[in-house]
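Single-structure report; data block below.
In this document, chain identifiers A, B, C and D correspond to the written order of the chains, with residue numbering beginning at 1 in each.
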Amino acid sequence: MTEAEQRVRDSFSGQRVMATIGASLARVLPGEVDIALPYRGDLTQQHGFLHAGIVATIADSACGYAAFSLMPAGVGVLSIEYKINLLAPARGERFVARGRVVRAGRTVTVCQADVYAEIEGKEQLIATQLASIMTIRDRPEVVG
Amino acid sequence: MTEAEQRVRDSFSGQRVMATIGASLARVLPGEVDIALPYRGDLTQQHGFLHAGIVATIADSACGYAAFSLMPAGVGVLSIEYKINLLAPARGERFVARGRVVRAGRTVTVCQADVYAEIEGKEQLIATQLASIMTIRDRPEVVG
Amino acid sequence: MTEAEQRVRDSFSGQRVMATIGASLARVLPGEVDIALPYRGDLTQQHGFLHAGIVATIADSACGYAAFSLMPAGVGVLSIEYKINLLAPARGERFVARGRVVRAGRTVTVCQADVYAEIEGKEQLIATQLASIMTIRDRPEVVG
Amino acid sequence: MTEAEQRVRDSFSGQRVMATIGASLARVLPGEVDIALPYRGDLTQQHGFLHAGIVATIADSACGYAAFSLMPAGVGVLSIEYKINLLAPARGERFVARGRVVRAGRTVTVCQADVYAEIEGKEQLIATQLASIMTIRDRPEVVG
């Protein structure tokens, strides 16, 4: 495991909301981080689909850690803002938010996350999120 | 209680994620809905602040129900997309997302939610969210 | 030329702002439309870069026409909203906004446009735009 | 005229696109800047409404200069990103983008602009834009 992957995994394990909703780090590469979330009935809106805010929760961390994975040690990241388009109802057995860096900047890194639902062995794109992530040089390890 | 408020409350009680995170309907007026969420350590990112996705979760429902509160019976709403700006770390004892309708359209209603943190008796604006909500005429009661 | 491409070209020629700024349709495929704009000093902000609003102007039409290219005759499209991330200063000899459909829906089509600057024969990604486009069945040929 | 207003006016006069489309600074206060644009047929989409990109152009500069008006001398601003919701067709005799600072931060200032159309003496809200503006300390006077 690279030093950057170790830092991503250490930081992720400190995001208590991830354990609360049952999300886990599925893949960590330089500039690309996937977060997986099995379906749970207690995370839904009134029709049994995953709530849009929970979809955004895993997409936000996938974007934040994709940016974080390219940072040197001792530097943190912070979400300035994001926009999510909800493309289809969030139904399925499992969801994966695939975050990637679109452009790494000195102060702002732009990331995008596509969120897929796994339904009967097939993947369906259910959301896409575009985010601006700020580099924090003097307050290390801030994410989210 | 108006018939519209009753429909908002009935639909909200079916959003199981709200019970899971401990959120409640604080105020329901025509075109304005507030959702409150007490701080909980198990909803945080690694610095103990509320995760940005949880902030967006209550803002998204506040926007959706603000739109829904203006709809006639038998009509549902669905979030097309939203954008959130995170203005300050989400620290505090309690959070309130105040959703309001900016413009009610035939097919698309635009809403905005401001999210405030209550810290030692004072309110601080920590996020603002701008959302597009679609009216669903043939699939009633769809929200979120 | 397909009937859909003809409709895109006819509608585009009616967007008078495109002639005003010097933009042209560079490519029209089903679900993919490129709009090109040569650099002009009178479209700039105070440092001589293309103004962000002009970048968004060609990206918005590229998204709208990408959606429009998939519609049947007699149906129009309308931009509900878009978000643009500005990734690098808009300097170069020529700019191309490449719009594509991310998901075609019955009422809402989500599109993304990447905007590239051509600088000394090389392309640089300078912006990305994510847009929600509404299908208009009873008011045909509405775009933008 | 305050020193800050003078800096806003000087910078605005260097945005050549503003003269090209006929936009002018209508009001400059600390944290609030209005930009006005009379209707012109050569800035329209194919139904004679102002193109959404031109609406965003004046909203983007109104946001940028609202942020800039609060900065000390020698500091510039740059749009990181913005999102615009189009609320009604941009028809009317004159348009005004009213930009204001929502939160001024050390590195990122969040601004919102509401765009109004003047139709037969009445104002109608036609768009709202939410923007993230970055402070540039080492490259002064960068806007837009």
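By our rule, contacts are C-beta pairs under 8 Å (C-beta built on N, C-alpha and C of every residue); 3 or more make two chains touch, one makes a residue touch a chain.
Given the structure is predicted, the values throughout are model-derived calculations rather than measurements.
The chain with its Cα centroid farthest from the Cα centroid of chain D is A. The interface holding more C-beta pairs in contact, when A-D is weighed against B-D, is B-D.
Taking each chain's centre as the mean of its C-alpha atoms, chain A lies 33 Å from chain D. Once the centre of each chain is set as its mean CA position, chain C and chain D turn out to be 21 Å apart. For the pair chain B and chain D, the distance between C-alpha centroids works out to 29 Å.
Those residues of chain D in touch with two or more other chains are numbered 80-81, 83, 85, 110, 132. Chain contact summary for the complex, chain B toward chain A: residues 11-12, 14-17, 19-20, 41-47, 49, 51-54, 56-61, 78-86, 141-144. Across the complex, chain B meets chain C through its residues 80-81, 83, 107-108, 110, 132, 134. Every residue of chain D that touches chain B in the complex is listed here, in rising order: 83, 85, 87-88, 102-103, 105, 110, 112, 125, 128, 130, 132.
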